[in-house]
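Here come two complexes built around chain A, the first alongside chain B, the second alongside chain C.
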Partner chain A sequence: MNRGYSVSIVVFTIILAVVYLVYTGSYGLVEITIALLVGVGVSLVLAPDLILNPSKMSPRRFITAIYYLVKYFTIIEAKAHWSVLKLILMPSAKYNPAIVRIPYSVTSDYSILLISNSITNTPGTVVIDVDEKRKYLYVHWIDATSVEDQEARKSVSEEFENYAYKIFE
Partner chain B sequence: MKKLEVVIPIVIGLGLFILLYNSGLLSVERSLTTLAEKYLEYIPDASSIYTSMAFEVVTAVIWDQRGFDTYFETSVLFFAIIATLAIASKLEDIIGERRSLTIIVRLVTRILAPIIVVVSISIALHGHITPGGGFQGGAVFVIAPLLLMLAYTSDWIRSRGFTDRKLLLLRGLGVTLIALAGLIPVVYSYTTNINAYLFQNQAKPDSFFNYPAYLQTPISTILVSGTIMLLNILEFIAVLTGFTLAFYYLTREFEKRGGGE
Partner chain C sequence: MIDLILFYIGVALVFIGGVMDILATIGFFKFKEFYTRLHAATIGSIGGGLYPLIGVVFIVLGLDIDYNLKLVFTGTSIIAAGIIALATPAGSHILARGVYRSREESPSVIIDRLGEDLERGEME
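This part shows the complex of A and B:
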């Protein structure tokens, strides 16, 4: 068992212990001990499924991930909500719904998940299928400005993909 | 039609109001039943002999009742599992090929599984002080293996070394130990000639057999509420293995039907 792997297990243990403590809602010494034990046990059984490449674990990626999460749930979400809100409230709004094919170039499973969940979670766009062999996402877009692959990628997923590169690739 | 849409909710609302008003449920001056009064008065009071040391009235039933409750609810499930196993054992042991789900579903399942497991353990371990317990914890736990089996076929569970024989063994062990824990006071009663009842947990006016509420450890004291924490842990194991087994066989069967897709 190499060092990167052990570090990953420790990180998972801490995350799971925090989940346990937050769910339990009490933070005594006994509770923290139980939380850590539970965290270690569960990590040893289930974390091997989640650690795909331990050597990629680095604080910079963590900080980028947190930065992305904050930015995503505030600025990006607000913009997307606003554009859909306009479509809903303006009686004269013209819809142009379409299913577009968006290519992606990332390779890690986590990157694909980050991109597709980012797309789905913003209002207006929903990922309906992934073609892992040919590397395409099929996205339903409420107001498609372009049905051409690269153009669609630019307005739907380019920003997410850039962050996916920084965090997971 | 438009009129009906207004009239129907008003009629239903009026009907409900009249019903609630007449049954006295809307009145502010409602009195408690005598049993409820006793519960509220004695159970949070640590100096009382009837106390269960619980902070929430929901869980503040006397410990003995909970022992019985634990044993019978787990027995019901035990028989249900036996029936499932009897049916499943007649079927052929082939795992059909399935069209795999997208990477999104597979990865999210893997991320959620450890979180579900951690939460279920918390529910099981705090059954004696908050709503929850072994049964509820086990029922929450089983969502994790079920999701993993649906995403990765039923083979997943066996590839991790959790064979059906091992799960069945744990299941049987859990139920047996719960029954044995309930028998301890009876054995004690026979050997010492002191009055004690099946699944007794707290002292009674005619019997002073009492499990300790707190467990002393080098770090600090843990509230275990007699045997309740132990029963919750045992039942957690019994329920999670039982449900996992049942879902394992059902998923396998489902795969066989959908096989060759």
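This part shows the complex of A and C:
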């Protein structure tokens, strides 16, 4: 058992225990014991598959992830909601739906998940298909301003990809 | 004072969520096609599902109730919001992919890169 493996088990146990304690909402000694025991059991089985490279875990990445979450659910979501609500509210709104091809350059599965979840969670863009060999996302975009690959990447996924590099790569 | 501010932030978020749900319903009737309706569904799930849950967190924090009750309600709402944020994009993604692949409905779009690549055989 090397050092990275045990570090990943400890971190994963703490994450699982915190989720359990937050969900139950009671912080007694019995609850904390149950949370830690179950957390250790689950992470002994799952942590080696879920955390592939323990040396990448650092507090800076966690802080970047929290900063990204806050920014995403306030500023980026509000802008995207407003742009689709305008289409719904204006009676004679013209929009150009298109399925565009967006290249990405990240390698890990978590980064692809973060980028495509971020794209789908913003109203106005939905990921239809992923080509992992050629590294393309196929995105249905309700009001396409550009159909070229790089131009579309700039306005749809560039910001998410920059944060995915900082958090998971 | 801080209780009152938290309470009104929460009420505002819940109110915004309700308005978004109504507007998403109107969007369902306005957009005529499956793929564009998916965008209205996203408004319903994030604007009308996740923001009200965050609003519940703020409301409960602002109420004058027992400390343990606050922990229970805020914790459950936060975890539920996290599950919504993680799971709904997977749902709409798999719906879109399934409908596109089964050719159940061909999208009316100005350009269809996925269809071009499937025809040329570059994407299986």
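Criterion: the second predicted complex is superposed on the first by the 169 of 169 C-alpha atoms of A that agree within 3 Å, B and C clash if a C-alpha of one lies under 4 Å from a C-alpha of the other, contacts with A are read in each partner's own complex, and residues count from 1 in each chain.
Going forward, contacts are C-beta pairs under 8 Å (C-beta built on N, C-alpha and C of every residue); 3 or more make two chains touch, one makes a residue touch a chain.
Note that the structure is predicted; figures quoted are calculated from it, not measured.
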- Is the arrangement of chain B and chain C around the shared chain A a clash or a fit after superposition? fit
- Task: Decide which partner touches more residues of chain A, taking chain B and chain C as the two options.
- Result: C
- Item | Touching partner for A:Ile99 - first (chain B), second (chain C), both, neither | second
- Does chain B (first) or chain C (second) touch A:Thr33, or do both, or does neither? first
- Answer with first, second, both or neither: which of chain B and chain C does A:Asn121 touch in the superposed model? second
- Task: In the overlay, answer first, second, both or neither for which of chain B and chain C A:Leu89 touches.
- Result: second
- Tell me which partner A:Thr24 touches in the superposition: chain B (first), chain C (second), both or neither. both
- For A:Val42, select first, second, both or neither according to whether it touches chain B, chain C, the two together, or no partner. first
- Message: Touch test for A:Tyr110: chain B only (first), chain C only (second), both, or neither?
- Response: first
- Task: May I ask you to decide whether A:Val147 touches chain B, chain C, both, or neither, giving the answer as first, second, both or neither?
- Result: second
- Task: Using the superposed model, measure off the angle between the directions from the CA centre of chain A to chain B and to chain C, in steps of 10°.
- Result: 70
- Message: One more residue to check, A:Asp129. First (chain B), second (chain C), both or neither?
- Response: both
- Closest Cα approach, chain C to chain B, once both complexes are overlaid on chain A (Å): 7
- Message: Show me the chain A residues, by the header's touch rule, that chain B contacts in one structure and chain C contacts in the other.
- Response: 19, 23-24, 116-117, 127, 129
- Query: In their complex, what parts of chain A are in touch with chain B?
  - Reply: 12, 16, 19-20, 23-24, 28-30, 33-34, 38-39, 42-43, 45-47, 49-50, 109-110, 112-113, 116-117, 127, 129-130, 132
- Residue positions on chain B within touch of chain A in the complex are 102-104, 106-108, 110-111, 113-115, 117-119, 121-122, 125-126, 160, 217, 219-220, 222
- Item | Residues of chain C touching chain A in the complex | 20, 23-24, 26-27, 30-31, 33, 35-36, 38-40, 42-43, 46-47, 50, 54, 68, 71-76, 78-79, 85-86, 88-90, 92-93, 96-97, 100, 107-115, 117, 122-123
- Task: Could you pull out which chain A residues touch chain C in their complex?
- Result: 19, 21-27, 73, 77, 81, 84-85, 87-89, 96-101, 116-117, 120-129, 131, 134, 136, 138, 140, 142, 144, 147
